[in-house]
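Below, subunit A partners subunit B and then partners subunit C, in two separate complexes.
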Partner chain A sequence: MQLLPFEVGNEIYALELIDIQEIVETPHLHPFPAAPATVSGAIAFHGRIVPVVDLPCLLGFDSPQGSPRIIVLANHYGPFALAVDRLRPLIGLDKGFVKDADAGVKEPSVRSLFTWKNDMISLLDLHYVVAAIEATCVK
Partner chain B sequence: MDKEKYRNMYLAETAEHLQAMSEILLRLDNEPENHHEIDALFREAHSIKGMAATMEYAETARLAHRLEDDLDKCRKRGSVSSVEIDQLLAGVDLLEALHDDISQGREERRVETYLQTLNPQVPSDVPMSQMVPEKEEGDQIAAEPLLVQIDLAETVPVAAPRLLVLLKKCSDFGTVLKSWPSLEQILNDKVDARLLVQLRPRLTRQEMHAQLARYSDVEEISFPKPPATSGLGERRQKSASVRVSTERLDQLINLTGELITTRYQLQDALKQQHVQGLDDGVGQLSRLVKNLHHQVLQVRMVSLRALFSRLSRIVHDLARSSAKKIELQIDGADIEIDRAIVEELVDPLIHMVRNAVDHGFRDKDQGVISLKAWRDRDQVLVQVADDGSGIDPQTIRRIARERGLLSSAQVKTVRDYDLYQLICQPGFSTADTVTGISGRGVGMDVVKTAIEAIGGLVLIDSTPGEGTSITLKLPLSLAIIRVLLIESAGMSMAIPITRVIQAVEISPAEIHSSGKQLMVHYQDAFIPLLSLRKILKQSKGTKKDSLSLVVTEVLGRRIGLVVDRLIGQQEVFVQRLAPPFDQSPGCAGGTILGNGQVVFLLDLQSLLERRKKEV
Partner chain C sequence: MRVEISYKFVIGFIFVVASVVLLNLLVPRLDAPEWTHQFITVIGALLVGLIFGWLFSRAFTANIKILTDGADRLSHGDLSRKVRLHKGLFSDETEDLSNSLNLVVDSLRNLVGQMRGSALNVNESSMALATTSEEMTATAHEVAGSIEQISRGAETQAEMVERVSRVVREMAEQIELVAGSSGKLTESAEQTTLSAREGEGLTSKALDNMKQVLSQIEENGTMIVDFSEQVQKIGSIIDVITGIAQKTNLLALNATIEAARAGEYGHGFAVVAEEVSKLADSTSNSAAEISRLIEKTREQSQKVQLSMAQSVKSIDAGREAVDVTGNAFKSIISKAEAAQERSIDIRDLTEKQSRGAQAIVEAIEEIARVAEDNAASTEEVSAATEEQTASMEEMSFASQRLSRLAEELLTSVRRFNLGSDHERTAP
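This part shows the complex of A and B:
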């Protein structure tokens, strides 16, 4: 499996490449009236309005620099996009290498944990992200 | 995925057959000996049975089979009794419930109880194969892919060769689509003690189980369900399929062809730096795009027929249960409107029809209800009218005063027309008794909220002694609307023009205050001023020489919305936001302007409701 690792706060997360549609480097972020804090706005992406989730905020980190990199997720996720702090080079792994972590030892936002070149990388659980936005939007 | 495609087709087609069945039944109620109608009804039931059996929806097939049998008897006798019509209508209701079950991905509910209330006739164990009609009705669907999970005993020293044998065995059961680990991984020895195979089986589970159980190293054989779809997946399934006439598709294809030609013309003109050619090409392009847009909108249009037939069914049931003679006049069922709007109209119209039956027939046993739709330029009007006793303006005046909706001075001056609109206030009901049909005081406010949410208006008119009519003014399409662009704290936003009463500039001298509330005089009344910056929790603005005001109606009241700047009107293509972002209060969708700027549609109603809750 191919993974895209990225930095959020002082942690490294990753997403599977098949869940990603495109990376937008310097997007123009349009504000969204009365948006919850976890939604930083929306971008015009190939003629579509794609909401952008402030991932550091959602995961409980500060994002002083306003998270400049945007990952647009695959179409079956809405689509929506995630703003992250910094991207890292792609890594290719054997599927067996990444195993689902035990429920007790991980954060609910993490699907599984693995070590790669001395870094601990958390595979982000997109279902958790969707549920968390749902909880803040639907009030 | 294939099954999914066939399922959507099945759902769309059976929905049409079911609608036809209730329409015919309601007509038969008036002419129980019309054998053309009985024949048609029989054919509808037959079609549903055939499709359901092919798709292996056993309960639906069994029920449709039973209805078909009953109808066959009616056909031979040449008439349908009113008891039979009610039974058949109940049967159609049950088929609709089954249709819902299938569309929601649930297991079909059992039809046994219904069948038992009729005379026992069809043995419940009619084999499916006998119900599948002539082969040519739709292709046979290949068996659903199945997952087979095989766990080896822990004592097995080397798993790979065993898995290889088992994988090969599985290919005897049917077509292997995929396996985990894959054949390649097994050959490279990248395995643990489990094999998961996805296949299209030719054998039953029992047969496969029996054959696999013969291997001594196999500890457990199971048939796991495919991974459950997340909430996201379920929502996506709601996107139903649409039936489009081939004529419309052909028009779309022709337009696409012309677009391709234009592209070549433009490329050519660009290569030759031919300005006139470029100009012609762009002109042609804009004509084609406009045309294409129109055609695509047409695809989204559906007639009101299905909705009206559902409403006539409700009137029929209400008439039966209250033993009243109600004549229903329907006009304009062929009027077409965006399907998204039709979906939003269902509940309000049901409510309005129930109201009409209940209030219109309170003091009498027979009368007329009329259901009418017509077009007025780019609006569609839908009207529900009764010829009942009408609404007494004095009663409304009394209630409005009792509930504090109007002051005694206002009660005297208010015009009758404005008075009627008060019925839409939450908790307002003039029915002295609450019946099962309506009059619980919840209702017209819900109708008004729902209609305004799709950019429409509710108009109420009544003449005592002659009847009441409620008219819905609706936009033709939700996709393209006219908006007023405004700005607040540097953020541009749009308000649908249908929600704007007027946009005006006023001077600060015109502002009055009543306690903490600032008011302004507008058309012989004082309306409260609300600051958009405050509502959106934006920073305070600086004082200005003039104030930009959008007069609009929110929660049944006129208000003046103070904004930083009125930018102007524009026609825009509205996109809904992806769920769950569409649930965020304050935002009813967005649009991308010509300069690439994203502007959101302001939903004041939900913002103010949220503010109310917070207070």
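This part shows the complex of A and C:
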């Protein structure tokens, strides 16, 4: 399996490439009126309007740089995008390498944990993210 | 009627002879014995002779006694009375004698009167002379003291003049030294003027050189600014390259994502995308390296610009300093020229002064000689004044002696009795 690691605050998260549609540089971000703080705005993406979630804000980090990279998620989650602080080079590894996180991880946003080149990388749970977005939007 | 004594004796003799004759005639007529006739005649003649002789001798004796008394009074200094004889019918030589004696008395009286007056005069004059000579002695003592002071003063003056002469001689030597120094000063001022002119030339050359350096530095500055601009342009190109590399990287990433999504079919594409990504990373690294180099170059060129600006400032300051130095040299030249003129004046003046000092030395030597003569003269005058003082004292004693002598003379003259008239009229 291939993973795209990225930095949010001082933590490193990762997503499977299967779940990613495309990476875009920070385009012109159109803010929503009366949107919650976790939603930065919307971008135009190949003729579609895609909302952008401020992932540092959602995970409880400060994001003073304004999260310059945007990951547009695949259609089965979307359409929506995640704003992150910085991308890291791709990593490929076996599925068995990634342990099930239920045993040691109590954080609900993390699906599982693994170490890579002395870095602890958390595999982001997109279901939790979607649920959290929906919860905030319903409010 | 004047009858001389010899005639009186002749007349008496005639009377005796006549009485003898007469008696011879008369006696016979008497009634007397004859033998008595002769006797009576002789007695008669003797009587007549005795009578005449007594009469005559009595008159003589009286006159001679008067004369003797007068002479006696004269011998005792009584000149108050004249000799007065009894008036007889027939005057004779005794009257002449009394007249002569009276003349002597008159002469003596006049003489003594004059002597008394003269002795009084001499007494008073000698007293006055004694007083005067005592005063003169005192004055002469004072004069002697003053002359002694003058003598001491003259000695002091001679010493002082000697000292002044030494001092003035030293002064003259020093003035000659000053004259020599002022000559050297003139030479130094000339040399200073020459050196200052050379310095002025050197400063103007230095100023020109500094101007050239400054213009070169300004050219270098503009060249470095151009260079910086070029480097800046390279930097912007590198930015473009970096952007392209990033975009390529992103494209490669998205291609990898696409390949992953394509599954087995996208494997070859994923390899190509990875290669592209590696190339983009390499490009990005090189661009970053170039950017670092450009940054370093820019920093260094900024440092060079700063240091050149500082050099320009320093050179400006140096130029000002050289300007100031040039002005200073100009003022040094003018002052050195003025100093040269003044030192020439000083040299001339000191030469004049030297000649004047020589004249002063000669004059003071003359004064010294005069002062020494004065000292010797005052010593002589002092000795003369002492002699004069001694003489004055002797004169004082002599005048006192003279006064005593005059008093003795007066005492002697007082023995003469001049009578009331002359006592009154005597001075």
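Basically, the second predicted complex is superposed on the first by the 137 of 139 C-alpha atoms of A that agree within 3 Å, B and C clash if a C-alpha of one lies under 4 Å from a C-alpha of the other, contacts with A are read in each partner's own complex, and residues count from 1 in each chain.
The rule is short, and it goes like this: contacts are C-beta pairs under 8 Å (C-beta built on N, C-alpha and C of every residue); 3 or more make two chains touch, one makes a residue touch a chain.
Small disclaimer: the values here were computed from a predicted structure and weren't measured.
Visitor: So in the superposed three-chain picture, is A:51 touching just subunit B, just subunit C, both, or none of them (first/second/both/neither)?
Guide: In the superposed model, A:51 contacts subunit B only, not subunit C.
Visitor: Looking at the overlay, does A:20 come into contact with subunit B only (first), subunit C only (second), both, or neither?
Guide: second
Visitor: Mind working out whether A:9 is in touch with subunit B, subunit C, both or neither, as first, second, both or neither?
Guide: neither
Visitor: Count the residues of subunit A touched by subunit B and by subunit C, then name the partner with the higher count.
Guide: So, of the two partners, B touches more residues of subunit A.
Visitor: Would you sort A:68 into first (subunit B), second (subunit C), both or neither based on which partner it touches?
Guide: Neither: A:68 stays clear of subunit B and subunit C.
Visitor: Under the stated contact criterion, what part of subunit C meets subunit A in this complex?
Guide: 246-247, 250, 253-254, 256-257, 260-261
Visitor: With touch defined as at the start, can you tell me which subunit B residues reach subunit A in the complex?
Guide: Contact set of subunit B toward subunit A: 190, 230-232, 236, 491, 493, 535-537, 575, 577-581, 583-587, 590-592, 596-600, 602, 607, 610.
Visitor: State the interface residues of subunit A toward subunit C in the complex, per the touch definition above.
Guide: Its residues touching subunit C are 2, 4, 17-18, 20-25, 74, 87, 90.
Visitor: In the complex formed with subunit B, which residues of subunit A make contact?
Guide: Listed in rising order, the residues are 28, 30-36, 39, 42-44, 47-51, 76-80, 94, 96, 127, 130-131, 133-134, 137-139.
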